[in-house]
Amino acid sequence: MTMSLAACASDMPVINKAVIASEWTVAQWFNTERPLRLEDLRGKVVLLHAFQMLCPGCVSHAVPLAERVHRQFADLGVAVIGLHTVFEHHAAMGPVALEAFLHEYRITHPVGVDQPMADAPIPQSMQRYRLRGTPSLMLIDRAGCLRLDKFGRVDELELGMWLGRLLAEDPARSMSTGQGMARESDGCTAEACMPREGRG
Amino acid sequence: MTMSLAACASDMPVINKAVIASEWTVAQWFNTERPLRLEDLRGKVVLLHAFQMLCPGCVSHAVPLAERVHRQFADLGVAVIGLHTVFEHHAAMGPVALEAFLHEYRITHPVGVDQPMADAPIPQSMQRYRLRGTPSLMLIDRAGCLRLDKFGRVDELELGMWLGRLLAEDPARSMSTGQGMARESDGCTAEACMPREGRG
Amino acid sequence: MTMSLAACASDMPVINKAVIASEWTVAQWFNTERPLRLEDLRGKVVLLHAFQMLCPGCVSHAVPLAERVHRQFADLGVAVIGLHTVFEHHAAMGPVALEAFLHEYRITHPVGVDQPMADAPIPQSMQRYRLRGTPSLMLIDRAGCLRLDKFGRVDELELGMWLGRLLAEDPARSMSTGQGMARESDGCTAEACMPREGRG
Amino acid sequence: MTMSLAACASDMPVINKAVIASEWTVAQWFNTERPLRLEDLRGKVVLLHAFQMLCPGCVSHAVPLAERVHRQFADLGVAVIGLHTVFEHHAAMGPVALEAFLHEYRITHPVGVDQPMADAPIPQSMQRYRLRGTPSLMLIDRAGCLRLDKFGRVDELELGMWLGRLLAEDPARSMSTGQGMARESDGCTAEACMPREGRG
């Protein structure tokens, strides 16, 4: 019942991944009037970036770069989503602190608070995406396939090029490729969204 | 006998141009064993950048960025060509000086010396491309159409995105679109390479 | 009973100030085993910088620059002191959050939390120093005179030059100039530490 | 008849040197109406920087930094002098090329062309100062003593601090220390200006 890798790998140019991207689980949203679901963004190229407001590399590079992509490429069909994946210093990085951070840094793209776990420091979506830490950046194509997943600093020229390639993909073609995808993902649960569980 | 704009405009996504790119006229080449012609690069995305070795913006941004594109994207099908368009301080920027510059700055992509004019300070290709100055950057698609032409500093994220979009275009499709192109450009002279003459 | 400007202005080269620097009032210290008093730093050149952990200019420039001064010049006799002057988003920038910030940004110089006021958003020392906002940087000479006070981004070359000039001043000479200073400041109260109260 | 090190070492704080600085030998000057001699700059702090117009580190860091020191500190008594020490690519870096470079990079401080040698690639002053290469920066105090000599990139904060310390030194005191200096340097020849000859 889980998605096969094949549906995403298909014949599309692959960057470094080709799996169905899982839905995130978010406790609270900022910069959006209503909760966002990855599924509702089909047809767009999604830049999903995981950060922590006290992670120096996030503050100096990853978050400003994500915001620039939002401002420069939103009109072209790129949806930028931030995910605040707090896995340390939880008391210092609650939603009130995050709200102040987003305000002071003039962040305008939607940001969701990754759902904390009662019994573990790593929040739910971060576990599901098996992220190594922050900053992490994922690119999801118009058909919902995870096409790139990168930990650490991202080269701007490379990021621009990846976005350009994904934007150039025909949504219709992706969708038709994705038909089997849709069928196979019937009854897809949150768990079914974790095709990478089998790794390692 | 000159190319019509239509052949390039076609149905391809346009960045800010859609005209047949003219051939350059080069007096001397560096970093290549034989002279290069734009026509021989059909099928590749061409980044053509015009610079002067004593232009501060070229040295600090444009030339290093072009070299990075060459090193990062040559394997993906991008051909980077530098054009040394000397339009001032001619005595200081001759081929001997340029060779030292390319050596010291570790420039490895092909660079041609734009053919000087006997009776004018602006060299031949620079006139033909109607460049406003240096640095200038042009992107030419797989079918030979000039798709972007920009004077001054270029944003890395934007440049990456443009390259990604042009790389994603099907060369075959461009070629079929370009069939009329090829036919019409038969006997194409240097003058016929200047479809922008009609402007302004 | 308050210090006269004359004692500080004296014949020493002035940067842009010459007043007795007031003591700070700190609720909690980090990166020091015991509370620090400005008076105990007589003989050293003191760089006192006011910041907030969610102030972008502080995080990107002022705090890293202060830390560099600490690492490069502590052995030469410069004491770097940070003052966390929270005047907005109080809930997001409490001591627990500050501690996480100092840890993540590898800040090793002493930092004090400016004493909050029960009835006003601006904390006590920030009011006393009449700071316009964050980041603010003050330089206090070996004799305890405030010699420079600057709001906003500081030029590194200028800062280095100011520090070099203050380091070159003879502490003994400052001290002898400062004798009257010491006598007059006997019984110096918090109010007596505010020679700038009389301004504007 | 050569200066003893003692005269410069004296009791002044030493950065990393304490020798009489030699005069330069310059073939041609730019940005000054008349030839400059180090001796005529006694009483000023002199920043002497050796560069080549095709040396990437010089163009990106050292030359702009020297120009900033000139613009920010000339009024305080710092004299910035550039020395074009061409030791390679001689044909590409003649005076005509240098003039174009200085114009395009808006360099306003005095620059001298280090006197070429008929029989060696390294020019005369560069040999005399025993420089390792470019960029090199030397600081000479108000009394004419070489106090710092550094090859490669210079930290701005450090450079500012060194300049501040040298500016704070009493010229009169340096001069009285320098009396023996003046006497001993009577009839000082180019050779007598090379106290570092005895090294290594």
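Just so it is clear, A, B, C and D label the chains in written order, and each chain counts residues from 1 on its own.
Just so it is clear, a contact is a pair of C-beta atoms (placed from the backbone, for glycine too) under 8 Å apart; a residue touches a chain by one contact, two chains touch by 3 or more.
None of the values given here were measured: they were computed from a predicted structure.
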Pair from B-D, A-B or C-D with over half of its contact pairs in common with A-C: B-D
Centroid spacing, where centroids are CA-atom means, of subunit B and subunit D in whole angstrom: 43
Subunit A and subunit D: spacing of chain centres that average the CA atoms, whole Å: 55
Inter-centroid spacing, subunit D versus subunit C (mean Cα positions, whole Å): 36
Overlap residues in subunit C, where contacts from two or more other chains coincide: none
Category of the chain touch graph - line, ring, star, complete, other: ring
Interfacial residue positions of subunit C with respect to subunit A in the complex: 54-56, 59-60, 89, 91-93, 96-97, 99-101, 103-105
List of subunit A residues in touch with subunit B within their complex: 13, 65, 68-69, 72-73, 76, 155-169
